[in-house]
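Structures for review follow.
One chain, chain A, appears in both complexes that follow, with chain B as partner in the first and chain C in the second.
Our next item is the complex of A and B:
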């Protein structure tokens, strides 16, 4: 187990370094922040003075070393536009993003797992038909479009929910549905397929022949065996929810990291874009690490390196 | 996925979409014809119908949507229009520009300018205090200037226009500029916001940005980043009977369709930067009226005679005139902006000092264009490169394609290339764009000087790629002519010259569309999309 943990961690650190390099250099291909931040009518000398004050006149490798060594000690630099440490800015906006991602995951699992289980248990029934239609809808509907439709119907026409912002607990409902629908469809299809497959296994037949009730068979034998596949997909999907929140947060004016990243990109706030991207990437790497370790706990074959 | 399922999904969504559209827009498409431009001041027939009275004291809550999240509400760092609009409600400058464009007293009650135009003596208003109780006096003016010109501030250059600010006594300051600067007071009015020295020194600039304090009509209450900025009325404001709302809340909503929805539900009272189509969808909303007005921003295709355009046919004025005649700008504006943009007659707009009403937009006259090209020695036209930015301006990609097409019709083969806007502005600043390039320029001062200098200052201006000695002379003269009437005359002459010797293919000035709740009165945005909310009031429900 310990060896497995070490290998996975070493891989993660290497991956993170790759991310740091790519993020730093790609963003520099998009233009010079100094001339973009200073008002258009400033003279070339004034632009130069600002570039100097901001440290953009230093050689690129010096700037890179600055950034990379900062990341090692969790110092993510200072935002150009906000004039505040990026770490503080990110931590301030993180709760809103986590809240939205958790709510979206809750919406997704609350629909997907019961529906997927029913679908898998009674394939071909009307429940299965409904479930598959919903799964398909979730897969083919772009989330930003769904977001706009939800606002039009449930905020403007029906007036049940606020159309934007994070004012009350009810504010999270529309963005969570818009964000969660895609994940819902993935989880639904997976649950359905797993239940369909597992219910024909020998150990289920044995359980059934021993006279166990269907409910007990489901609870003790089928669902626990779907858990491994579900957890790994949920882990991946959770990072997708964090990243996918850029559109949804922007549409709903949700004050999280996604809308912050959108503003930072538009404002060409290089250090902040770098910091958020590295933060997202580290988070994704961490989640993958944790899910891998969780499988190990759930399935002894994995941790023994089988 | 099998076919029946896909069909079912499509049918379901189509039904839902139809229902939504049916609910949202009962007004049949095509029904509302283009409205005449309504000046913001005149935009209130409802007000006449319901003779609501302004409140005696500050009451109610006014919620304003912003299209971006302000980066800072400390003026020297408030990086764009939304941030500056949110910030400026907290502060005052020594002078103010009123709705008619006149310079009027603010924190200074009177001022004199020396004969040579480089020295100003301001007498300061007495008895004014900052929101924290600190007195406003000459020390505050000196201190605000010293802080403002910190090179880390994006707007430091506006404070550097003065080379000294001295206290003469507690309520008198002397400010000098290195050269006469006719626009100095206007820059000051919009940007030199006064801050309290003692408090600022206690908390530092970072602390000040967290909790700014000024003398303005509104006091800072809280800023939930990315979510809201909350102000409350400054009950001791030095302007009598202002402000008129008790609570002022700014909500950043970057997505314009969400701003439309929030205006419709009444969650916000004012939503700016809507497209013409979005504004039209609100025509049936009883609680919202649409404000539309021409913005002080000119779109153009620039020529280059400094770098890439050197030696090109476009150095010949006849060719540049021909290119102005070749483009059917009315057709472009009709097709892409529903007719809602003004055809530019130059670089000076109707909102600017010295605008010449007698100039007509160049007519669309491809025959005249061909004649001029032949006269200039290019009867068969020529080839030229052109670039435009993507994602920066509404429909601008299509505008550029149309321009290239029209030029092609008279024999000028345009090799049009699009670039991501960040990279584009980088190249523009380095004067490395092709000899034709599209862009736009706004002005916030009620005068076109900055736009003119910025785009036509030659090597002295970051984003300029054109230099014309005569235009340079006019600009040199304008900036030192302190008298407004004399300056207006210079602008008129310059316009005439730039009409006969166009340094651009002039395009259009777009309209702004805003949704304003019918309960809101005396909201008067200016052509530069600036607004002051101290006289805005709201009817209590």
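Our next item is the complex of A and C:
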């Protein structure tokens, strides 16, 4: 287990380095980061002054070392528009995004796992039909459009939920549903397929033949076996939720990192854009690491194979 | 005696050995499709969207950019105050919603087709090299794939699009390059699986050149899995393009695209909801078609999962 842990951590550090390289070069894609950040009507002299002030006139490897060592000591630079350290701005907005992502994951799991279990146990039944329709719907509906439809129906017409902001606990409901539906559909498909497959195993037949009730077979023999696949997919889907937050937070004026990224892009505040990207990617890598470790803990075959 | 031209040579055995012609194969596909209603619906929806994109001019009743302020903010025809002149109503500038949705399909289909074509080409070449040649190339490629999958994809394309600026070409290139690792991964996996097969080793033994082994014996095996992935990726790219448009990072705002229309619609959501509802429905219907078709392709092209229904 220790060797497995070490390998996975080394991989994560390598990935993190790769992220720093990508984020460093992404704002240099056009060749001139300075003109990307100055106001559109800036004069050539202003651009030149800005380039000097930001150090963009230095050799690229010096700039890269500067950026990379900054990330290493958790210094993510300074925001151009807010004139504050990016790290402070990000930490301020982080709780809202975590709250939204956790709520979305909760919505997704609460629907997907029971429905997937029922679907897998009774394939071809009306529950299965309902589940598959809902699963397909979640797959083909863009979250940003769903968000608007939810606002239209539940905020404007019925008036049950607020259409923007984060001042009441009830505010999280609509954004969480909009963000979670896509994940719900993925988790549903997986649960259904897993239950369908596992229930044909010999150990399930044995359990049934020794007279265990169907509920016990499900709780003790089938569901624990689906957990391994579910946890690994939930890790991947959490990354997806972080990405999706940029649409949902923008629509619902939710004060998290997604809307911060949107504001930073619109304000041409690219140091902040870079900082948020590094943060999101590191967060995603961390989640993957944790899921993989959990996965190894649950399934001895994985840690021995590694 | 002319024993070589035996009259029986063109008999039933000939038909048995002959490869099926293109039309026979198409017929077999059609018979399989007829048995699967969901797959057939998927194909019809995809054909409908492609047809709309190709023949947008004759289909659309109005110019999608034509503003008619006297007819602005009209609801769809079946609602109070609507008119069949503007079947899905008009937007805040009096442009015909139906015509804009028809022309909007062009952006989506273009991004989907060309984005997937680039991703498929790059990914297949990289995957073939990594899987067949192996070595440091394989290590490098697998590392790149893991890296690109580690960063939340939406964040990656949003930031890159923000740097590159609003243009259709940029969006296509961006999606093509960033999706290619998916195609590379599938190709690599299939190559690793197939190259151990005896017929590949036999071909190598009798001295068939590497390029010919790849083209004749390996690439045909890749068509199934790659075609399935291409269908799903096309639907994903249409989603992501709409998402970028929605954030103001795809095609310029003057171009009618489904995502751009949603952004305009968002401002008037409370009062003129149809401006936001129908473009989103177009995206969902397109994605539905491609997903149904992809599910069907996966079942049919991958003999390991093919079921008799």
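The rule is simple: the second predicted complex is superposed on the first by the 270 of 306 C-alpha atoms of A that agree within 3 Å, B and C clash if a C-alpha of one lies under 4 Å from a C-alpha of the other, contacts with A are read in each partner's own complex, and residues count from 1 in each chain.
The rule is simple: a residue touches a chain if its C-beta (ideal position, glycine included) is under 8 Å from a C-beta of that chain, and two chains touch if they have at least 3 such contacts.
Given the structure is predicted, the values throughout are model-derived calculations rather than measurements.
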{"item": "Touched partner set for A:114, first chain B, second chain C, both or neither", "value": "neither"}
{"item": "Which of chain B and chain C A:36 touches, first, second, both or neither", "value": "both"}
{"item": "Contacts of A:261 with chain B and chain C, given as first, second, both or neither", "value": "second"}
{"item": "Touched partner set for A:22, first chain B, second chain C, both or neither", "value": "second"}
{"item": "Partner chain(s) touched by A:285 [first = chain B, second = chain C, both, neither]", "value": "second"}
{"item": "First, second, both or neither for A:151, with chain B first and chain C second", "value": "both"}
{"item": "First, second, both or neither for A:142, with chain B first and chain C second", "value": "second"}
{"item": "Touching partner for A:250 - first (chain B), second (chain C), both, neither", "value": "both"}
{"item": "Between chain B and chain C, more extensive residue contact with chain A", "value": "B"}
{"item": "Residues on chain A lying within both footprints (that of chain B and that of chain C)", "value": "29-30, 36, 136, 140-141, 148-149, 151-152, 156, 250-251, 262, 266"}
{"item": "Interfacial residue positions of chain A with respect to chain C in the complex", "value": "11, 14-15, 18-19, 22-23, 26-27, 29-30, 36, 136, 139-142, 144-145, 148-149, 151-152, 156, 239-240, 242-244, 246-247, 250-251, 261-262, 265-266, 270, 273, 276-277, 280-281, 284-285, 288"}
{"item": "Chain A-touching residues of chain C, taken from the complex the two chains share", "value": "143, 146-147, 150-156, 158-160, 162-165, 235, 239, 242-243, 246-249, 262, 265-266, 269-270, 273, 276-277, 279-280, 283-285, 287-288, 291-292"}
{"item": "Chain B residues within the chain A interface of the complex", "value": "1, 5-6, 8-9, 12-13, 16-17, 20, 23-24, 68-69, 71-72, 77, 79, 151-152, 154-157, 205-206, 209, 224-228, 251-255, 257-258, 261-262, 264-265, 267, 420, 422-426, 429, 441, 450-451, 453-454, 457, 460-463"}
{"item": "Contact set on chain A toward chain B in their complex", "value": "29-32, 35-44, 46-47, 49-50, 52-54, 81-84, 89, 92-93, 96, 132-133, 136-137, 140-141, 148-149, 151-153, 155-157, 159, 162-166, 250-253, 255-256, 259-260, 262-263, 266-269"}
